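Next come two complexes built around subunit A: one with subunit B, the other with subunit C.
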Partner chain A sequence: MLFNSIEFLIFLPLCFILYWFVVNRNLKLQNALILVASYFFYGWWDYRFLGLIAFSTIIDYSLGIAINKSEIKSSKKWLLFISLVVNLSLLGFFKYFNFFIDSWIDAFNSLGYEMQASTLNIILPVGISFYTFQTLSYTIDVYREKLEPSKNLINFAAYVAFFPQLVAGPIERATNLLPQFSKKRIFNEEQAISGINLILWGLFQKVVIADSCAPYVNSIFDTYESMNSLSLILGAVYFAFQIYGDFAGYSNIAIGTARLLGFDLMRNFNYPYFSRDMAEFWRRWHISLSTWFRDYLYIPLGGSRGSKWMQLRNVFIIFMVSGLWHGANWTFVFWGFLHALFFIPILLLDKNRNNLDQVAQGKILPSLKEFFQMTVTFLLACIAWVFFRASNIAEAFQYLKNIITDTGFKIQYLNIERYNIEMLLILFIFIMYEWFHREEEHPFNGRLKWLKIGTVILMLLTLGVYSNHQDFIYFQF
Partner chain B sequence: MKKVFSYLAIILTLVISSMFILNEIYSYSFRNGIVRNKRQELLLHKNDKFDILFLGSSRTESHVVDSVFENITNLKVINAGMERSTLHDSYAVFYSLLKNNNKLSECWIQLDYTHNITKHSANMFAEIVPFLNDETLESHAIEIGQISSVRVPFTLFMKNDKPIGFREFFLKVINKKSEQDFSLQFKPLLGCGTGLKGKWPKSMESNIAMNKILKLAKEYGIRVHFYTSPNCPKAENRDDFGFSLKENYRFKNYYDIFDDSLDYFYDCGHLNNKGALAFTKLLAEDFLRNKTCFSTQ
Partner chain C sequence: MKIFFKYIYGLLLVLIIGVFILDTVYTAAFHTGFARNKTQYAVQLKESHIDYIFLGSSRVENHIDCELITELTGKSCLNLGLQGSRVNDSASLLQILKDNDISYKKVFYQLDYSVNSDGFSPAFLSSLMPFVNDDNVKINLLSKLELTKSTKLPFLQYATNDKIVGFREVILQYYGKPSRQDLTNGYDGRDGIGVDIKGELPSSIKENNSGILWMQELEPKNLVFFTAPYCKEAINRDLMIKDLKDKYPSVTSFINIFDDKEMYFADCGYLNNKGAKSFTRILTQDLLLN
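Up next is the complex of A and B:
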């Protein structure tokens, strides 16, 4: 079920009413309702993979208890190892099996050995990367004794399948979300209103920004060979906003929906395109994933301790694994590699923790230096996005090469709902909305709150894309 | 909880009232603004007089050269054929032209597989949306299941945002003329080939839009002629469909007249410019010889 669908428009109020008016006096029933609703939500897309979530839930639930009960260190390690193997095997099979087979065959063929391709027709279950990482964080935290294992299967199953963030995050840590299932929920009006605001803002990001950019991006990337410099640059910029609007929009709707049910999810995006360097960008982009990798991969590898070479190695590993997490294609790995390259100078100069505050805090406009830094960071992100969006690495290089060689700055006509100028105007309004509210989580605050809400509603109705329905990009990850 | 429901109520009121207002503004500007394409031109054309109206799909739009026909017959014609147009679209055009006080003497309907299509084409339906205040067009769209009798205002504009979305609305408001020359009713196809894009159905199915066209024609005293358009011999089921048509209509058959002149084709289902000229000439000469069939179903 998609957040921007009629089905969800019926599903959410129904859940809300049952949750707060029918089963509100019984925590167990509330959690059971969340579990049933979450399985229904997921099953609406494809009920065949519900078994996979249930399997993953039962395995990690049992292993969590077993790790906690075991008093021998080596047994604990073995149990954790089983959890890692089971979860990563499921992920590996459904997401990476064909990729690794193809890559092996290509490698052997390039060495002169003739090999036949024999891959399987595997369907990627929606959200597998998200809930696998969520359950992994649980067993790891239980192993590290940061978390008591859940003794309630319903609570644990509801945590794994919690529908607002099941298919595209934020990837919640067990330490944050799981205890919330054990606490009595009291309806908090302010929390619910902020949830509604986040849902509205998320819908705007998805339906107006991301989906308006999508036809342009598809058209430009599909025919990049015949596009001039200006179109190619716009293609990369539009994709930067498409993926941001798409993913941040989903996250905001997820966080808002969870708040309506009395849960607090972690923030996933914090105005990443106002970052002054790549380190800041990664503190603001897909925060739940980058902190997951930091806590469960980067730090165990040694993190920023040790020699510079070790630090460099760790940075490359974390970024390339992060790239691979996004999809079974070398383009994603290269995207991660590029981000590692962009990160290295900052690390070597020990400037990776330079920009911890919000840019131009308390000011209306940034300084020239800040503006320049933000522009450079955005351009670097756009270069990397070209690899993320392209079908293969060679195509991405050719795309970038054509920007320089096919110099032409005339706007090319594409048969799309909007003109370039219209699209750029929408993006400008969006950037202004974000800029003037960059210290808040959404723009619907202050004296002009209702004017801003009214404008966003008008834009949703008139500029939203409803004919050419676009799935959320991050579903595929 | 009360505060949350009040908050939601304000947002819902804003959404619903915006939808009502936008629906009215959009409908008004589409019904009264500048004409920007052929479909709008046909739905809005007023107070004119034509001897012959050609209705049909791309096989009318790109096969009947109106200027050639007029030269041969000395009659004023209007080629209302449109790419992907269905009989339901033709009904909407026919009805709108009559409603807008246009005088027609004859209506020539080209018969092809679109006879079996049970809905408006997507493009034409979008153009009809602003005219759904008209009871006839609305009830027809409801009858064929294209819209529901209970509708949320403005949602049809939202669902059809490419042809009648904000861009088109804005261009209408600022009176921006279209770069396309839709006043040229005949749209030539250039090139030569006999590529197949699908196959014909084996038999013809009844179509309520046709019944309504015939009823309207009778009401306004307009003579209706049926004809088929040339297709290349490899068009699958062409003859079966033609046979099925013969059981239901009296029509002038042209679907096989160019079986030996494949250079007249743009693809198997469409004539190119050269073929269209030859076909129009034949059509006009047949008309003058009074060879066309005047028919009712």
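Up next is the complex of A and C:
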């Protein structure tokens, strides 16, 4: 079920009414309702994979209890190992099996050995990367004794399948979300209103920004060979906003929906395109994933301890694994590799914790230096996005090469019968909205709140894309 | 929960007011503005006479030059061929013209394998949306369109068809930007000469098409079927035209008239400008002057 669908428009109020008016006096029933609703939400897409979530849930629930009960360090380790193998095997099979087979054959063929093998027709279960990481964080935290294992299967199953964030995150830590299932929930007006505001803002980001960018991006990337420099640059910029609007929009709707049910999820995006360097960008982009990798991969590898070489190695590992997490394609790995490259100067100069505050805090405009830093960071991100969007690495390099070699800066009329100026105007409005509210989680605050809400609703109605709405990009991950 | 529900009511109020205002603004734009597509043009045509009306898909839009027909015959002509259209779209246009009291001598429909599919094209339905709630849209058209009751809801028909009748089109309507096509003629020729052209056609034709039946019901006497040329390389061409003639014996076929004129084709299914003009001359001679 998509957040921007009629089905969800019926499903959410129905859940809300049942949750707060029918089962509100009984925490167990509330959690059971969340579980049933979550399985229904997921099953609407493909009920066959419900078994996979249930299997993953039962395995990690049992292993969590077993790890906690075991008093021998080595058996705790073995139990954790089983959890890692089961979860990563499921992820590996459904997401990476064909990729590894293909890459293996390509590698052999490039060495001159003829090799043929058939791949399987595997359907990727939506959200598998998200809920696998969520269950992994649970067993690891139980093993590290940061968390008591859940003794209530319903609560644990509801935590794994919690519908607001099941298919595209934020990837919640068990330490944050699981205890919330055991606490009595009382309706909090302020929390619920902020949830509604986030849903509204998320819808705007998805339906107006991301879905409006999509046809431009498709048109430019599909015919990049005949596009001039300006169109190619705009194509990369549009994709930067498409993926941001798409994913930040989803996250905001997810967080808002959870708040309506009395849950607090972690923030996933914090105005990443206003970052002054790549380190800051990664503190603001897909925060739940980057902190997951930090806690469960980067720090165990040694993190920022050890020699510079070790630190660099760790940075390359986490960025490239993070790239691979996004999809079974070398383009994603290269995207991660590029981000690691962009990180090198920051790391070598020890500047990775330079910009911890919000840019131009308390000021209307940034300084020239800040503006320059933000522009450079955004351009670097755009270069990496070209690899993320392209079908293969060679195409991405050709795309970037054409930007430099074509040197045509005349506005082109695109084959979607649209002018660039239309999209640029929408993006300008969006950037202004974000800039003037960058210290808040959404723009609907202050004296002019209702004016802003009215404007956003009008823009949703007039500029939103409803006839050929796009799926959320991060569903494929 | 009182404050929360008050907030929700506030949002709904803003939404409802917005929807009503926008519905009024959008509807006014499509009704008062210049026609920017053929559907709008047909809806706006009132109580006039056109001698020859051509209906069909892009194989009419790209092939029949009405200006040339007028030059050759001295009669008025209108090409209402629509790119990507289905037979029912053409029947709807004929229904609209009838309902608008447009008189004519003959209606021509270009018949090919498009009769194999029923229904309406999404683009045509989208272009019709601003007019489905008009008082003058006759009930027989609405019943054929099989529209859901949701079109009665304000603004919904604009939101769900935003690609054709969305905000961008409304702005262009108010701005008065003319259509890139001359709608009084309706012809849109293709450039270029096809190289190494190929094509494949279905070998059989469906017997009963709801759009054809609808057109025959609307115009039992003066409806003329013809088939425009396809390149000789098109696989199954002869089988298709044989079956087409069996199912629709009145069709006049021009399917092979340019078998020795490859330079007339932009691709297998479409003539270029030069080919289209030549075809228009032949068709005029065979069907209009003789």
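Note that the second predicted complex is superposed on the first by the 472 of 477 C-alpha atoms of A that agree within 3 Å, B and C clash if a C-alpha of one lies under 4 Å from a C-alpha of the other, contacts with A are read in each partner's own complex, and residues count from 1 in each chain.
Simple rule for what comes next: contacts are C-beta pairs under 8 Å (C-beta built on N, C-alpha and C of every residue); 3 or more make two chains touch, one makes a residue touch a chain.
Because the structure is a prediction, the values reported are computed rather than measured.
For the composite obtained by overlaying on subunit A, subunit B and subunit C cannot both be accommodated without a clash.
Shared-chain residue A:Glu189: touches subunit B and subunit C both.
Within the superposed three-chain model, A:Trp20 lies in touch with subunit B and with subunit C [touch as defined at top]. Look at A:Leu461: by the touch rule set out above, it reaches both subunit B and subunit C.
With both structures placed on the common chain, the touch criterion links A:Leu425 to neither subunit B nor subunit C.
In the superposed pair of complexes, A:Leu200 makes contact with subunit B and with subunit C alike.
Under the contact criterion defined above, the residues of subunit A that touch both subunit B in one complex and subunit C in the other are 20, 187, 189, 192-193, 196, 200, 418, 422, 450, 453-454, 457-458, 461-468. Residues 1, 3-4, 7-8, 10-11, 14-15, 18-19, 22, 126, 155, 159-164, 166-168 of subunit C touch subunit A in their complex. Subunit A meets subunit B in the complex at residues 20, 187, 189, 192-193, 196, 200, 417-419, 422, 450, 453-454, 457-458, 461-468.
Considering their complex, residues 20, 187, 189, 192-193, 196, 200, 418, 422, 450, 453-454, 457-458, 461-468 of subunit A touch subunit C. The touching residues of subunit B, counted against subunit A in their complex, run 1, 3-4, 7-8, 10-11, 14-15, 18-19, 22, 154, 158-162, 165-167, 169.
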